[in-house]
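Handing you this structure, nothing more for now.
We call the chains A, B, C and D, going by the order they appear; numbering starts again at 1 in every chain.
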Amino acid sequence: MILNTDSMKPIYVQIAEWLELEILNSNIKEDERIYSQYQLADMFTVNPATAAKGLNLLADENIVYKRRGLGMFVSPNAKQFILTKRRKQILEQMIKELVIEANRLDVSESELIMMIHNFGQDDKEEEQL
Amino acid sequence: MMSLKEVDLLSISSKQYVYKLKAYSTLFYGLLLAQIIALFFSLLNGISYMSSGNGELSVSVNTYSASLVIIFSFFWILFAAIQLTTKQYKQLENPLVTNSISRNLSNIGFLMTACVFGGITSSLVGVLLRIIMYFTFDRSQIISDEFILAFSDLLLGISVAILYMVLISGIGYLTGVLTKVSMAFVIIIPAVIIGISKAYTDIFQSLIKFFTLESSLPLFGLKVIITSILLFGVSILISNREEVSQ
Amino acid sequence: MSRVLPQILLFLIGIAIVFIFKSKSPKFFRFSSWKLSVLVAGLYLGVLIMLVPILYMLPNKDFVKIVENKDQAIASSSNLMNNLYNQHFPTEGDLDKLEGIYKNSDQTFKLDSSKLSFDLQPGTENYHVLIERKELDDGEIDVSTYVTAQYVGEVNFTKRLLPPAISVDNGMLSLRAPDRQTFEFKQFNIDFTMAQFNNQNSSIHEMSPHFANQIIFIRVPQSLEINRGVSGDRIQII
Amino acid sequence: MNVIQCRDVTKSYGQNKALDRLSFEIGENKITGFIGRNGAGKTTLLKMIAGYIKPTQGELQVFSRKPFNNLDVSAKTIFIDDNMTFPDSFRLTDILSEVASFYAAWNSNLAIALFNYFSFDPNQAHSNLSKGSKSTFNSIIGIASRCPLTILDEPTTGMDSAVRKDFYKALLKDYLEHPRTILLSSHLLSELEEILEDILLIDNGSKCLHLPVMELRELAVGIRGNEQALLTFVEGKELIYKEEFAKGSLYVVIKKELIEQEFKHVRQNGLEVLPISTDDLCVYLTGKTGGGIDDVFKRG
């Protein structure tokens, strides 16, 4: 597994995001055991402490829960929670940056919406092809 | 992990000893070379030649001896002992479990083995010399006295050669250790030796005679062993506080 | 000093060689694996140890052995010579009994003349010629040659001396010394390590020679006329 | 339980202080990176921990003992550097089997597997190896010995990048199976920071920082922008690094916590926040002067 070490995002955040993706893609089902910090350390070639911090990030958001002596498990509703969170946080953040950049480039709101709309259509066409 | 069995000095030292026996085995070629050269010199002309005659006849006697082989072996053990104290050889121990005492003990163990090996081989080269002479010279010219070596004499020669080598290795080792403490000793030691031998010839000579004129084997052995223990003991004490330099 | 110097030189050469060997050890020596080194060392030691029984198995009957009492042999030899100077002549029986004196040769010649003259050739100046008259006229001359103790160091090599060549022809006895003889010996000194505890001096044995005298003992018939000739002073008639 | 306890340790060579009143502690089973510029004193410190040299002043304890000349500490410690030498009479495979007998936890299967993976010639002599191969071989010994305290001083010297990656992976994988205290020194942090838990930054013989790598990554940010705007923004705050970037524009590195409150205003002021690599940060933290190499040429 390759991590983007140049990214401003800390590695443990990247690990947490990767785990979220795995849950979103149903590679790990709800109530299933998630990778341990040592497995993650091995997979990503990172220190287990880093991996643990990534897991803790998920635990703090109740995406995973701890079972004594058994390890971490994916919470029920984790997938839904991640979806909501990503919509809310990530998309909002992205839109914010988009708007700032559009302002800087003198792109009007309607033009921006047009671009988003066209981009969505291009994407669909590509999928059809 | 923290509660690993405590290591004991003797088992580590003996492991190091075995390691060094293998590691320093190439030093043996030096001994082999020294002995072969000495043998060659001994065969070449003998150690002395006497000739006289009158009008009708002339008589000559060539004297041979294997002593040179033993003396060359002494030089070898001296160099080997000094060599063991050099940085180059000390560095070889860095990858091992070691401390100053185990390092010294295993060095001494190695030197003792070298002394035993050197003592036996150097005395046995005398046997080789005799056999070469037996087959190359006219046998009717060979004076049997001392050419036929008593077996007890051979054993005696071996044990005395070993004892001398132990003593010399002790001198070499201490010299080496001193020069590591301060390079000044490289100049001081020869200066002191030459100084003493020049200014206090009798002291110097009696120091040598203390060993060479001792005609009782048990007493000689005792003198050598006590002196060697002192030499090695001082070496251990001096090198104990020394840092491993790289 | 001149004897010590070459040995010191030898040591220095030895040290130099050891040093050169250490500093510029050839690849083979530096990179020889420990297994090979130990094997070579073991073989070396093994071969040397094997040599010990071989040394003791070698026949040594040819060697020069030192068995006789040198002092006594030399004493009786010089005693004999003194007696000769003092005109105390031994009989042949006496000579045979003396210690340290060996009969070199024993020859008998038919006499073809009633006179006997002598031809002592150069090289025989140190020979003592003794003439004894036999009790009967059997027409034969018996010539025995003797040699006194001959030593180098402790080695008695008297028996190795060649006798002079003797011939009797037309009443003329000629005596010719053998060609110049050379004797070489190889002596072995035990190692100083052994000598130190062996009550032996490891220094080189005293190898001073002691040279021999030749005695020609001639027994002639009772009535033979003897002409001692020019070298008469070296011929004594008992 | 701390494996290493270092209190006010000073090491002087004559007038020169290689280490100056250094204090830190390293806990059990952590991978710590000793980072610093060349000559900062990393090797001196590691050698001291390994028991090769003794402190001039202060107290150093490894496994609760003074490490110098201590056989117990030596048995639990292995020190790997590129000065490590082996007898020429040992072939590479000989070395693996001979060294093995000294270390209780030595894993010869691992050693041989790594040895084969890196395609070593069993009959070669150690002194004939190239610099990189030597480092690789020494590192195999360091990993396979599984010493409770494994010290690797600049272990990747001369290795090519593929081998370096393999080495860090091998080290980490074996660490995961057999946790132990590992000290790694390097002047380059970037390639090994992921496997580190803590970092000890040494500057000129003194401790500069000792903290988890994750915290180091979030310690500081770089801000770039108009000189005037930037200077007003960071006024009164301690800067880690400052550099004139282009005419009228400035680049500064500043601790994140100092600007956390005003973080939102940064962009509004036309300033740009840039991530800063740990490597650069370490260089700035241990830099002797504020300006860097560019200043030398500006003055000229």
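In this text, a contact is a pair of C-beta atoms (placed from the backbone, for glycine too) under 8 Å apart; a residue touches a chain by one contact, two chains touch by 3 or more.
The structure displayed is predicted, hence computed values, not measured ones.
Considering the contact criterion stated above, no chain is in touch with chain A and with chain D alike.
Centroid distances from chain B, each centroid being the mean of CA atoms, peak for A. Sorting all chain pairs by how many C-beta pairs they have in contact places B-C at the top. Distance between chain B and chain D, defined via averaged C-alpha coordinates, is recorded as 47 Å.
With centres taken as mean Cα positions, chain C sits 113 Å from chain A. Each chain gets a centre from the mean of its Cα atoms; for chain C and chain D, those two points are 86 Å apart. Averaged C-alpha coordinates put the centre of chain B at 40 Å from the centre of chain C.
Multi-chain contact residues of chain D (touching two or more other chains) are listed as 87-90, 94.
Among the residues of chain A, none is found touching two or more other chains. Residues of chain C found to touch two or more other chains are 30, 32, 34, 37. Counting only pairs that meet the touch rule, the chains in contact are A-D, B-C, B-D, C-D. On chain D, the positions that touch chain A within their shared complex are 31, 168-169, 172-173, 176, 190, 194-197, 212-214, 217-218, 267, 275, 277.
Residues 3, 7, 10-11, 14-15, 17-19, 21-22, 25, 29-30, 32, 34, 37-38, 40-41, 44-45, 48-49, 51-52, 54-56, 58, 60, 62-66, 123, 126, 152-155, 157, 161, 177-178, 180-194, 196-199, 202, 204-205, 207-209, 211 of chain C are the ones that touch chain B when the two sit in their complex. Listed in rising order, the residues of chain D touching chain C in the complex are 87-91, 94, 125, 128.
Contact residues of chain A toward chain D in the complex are 3, 5-8, 10-12, 38, 41-42, 44-50, 53, 100. Here chain B touches chain D in the complex through residues 1-2, 4-7, 9, 12, 15, 18-19, 22-26, 88, 91-92, 94-102, 240, 243-244, 246, going by the rule given at the top.
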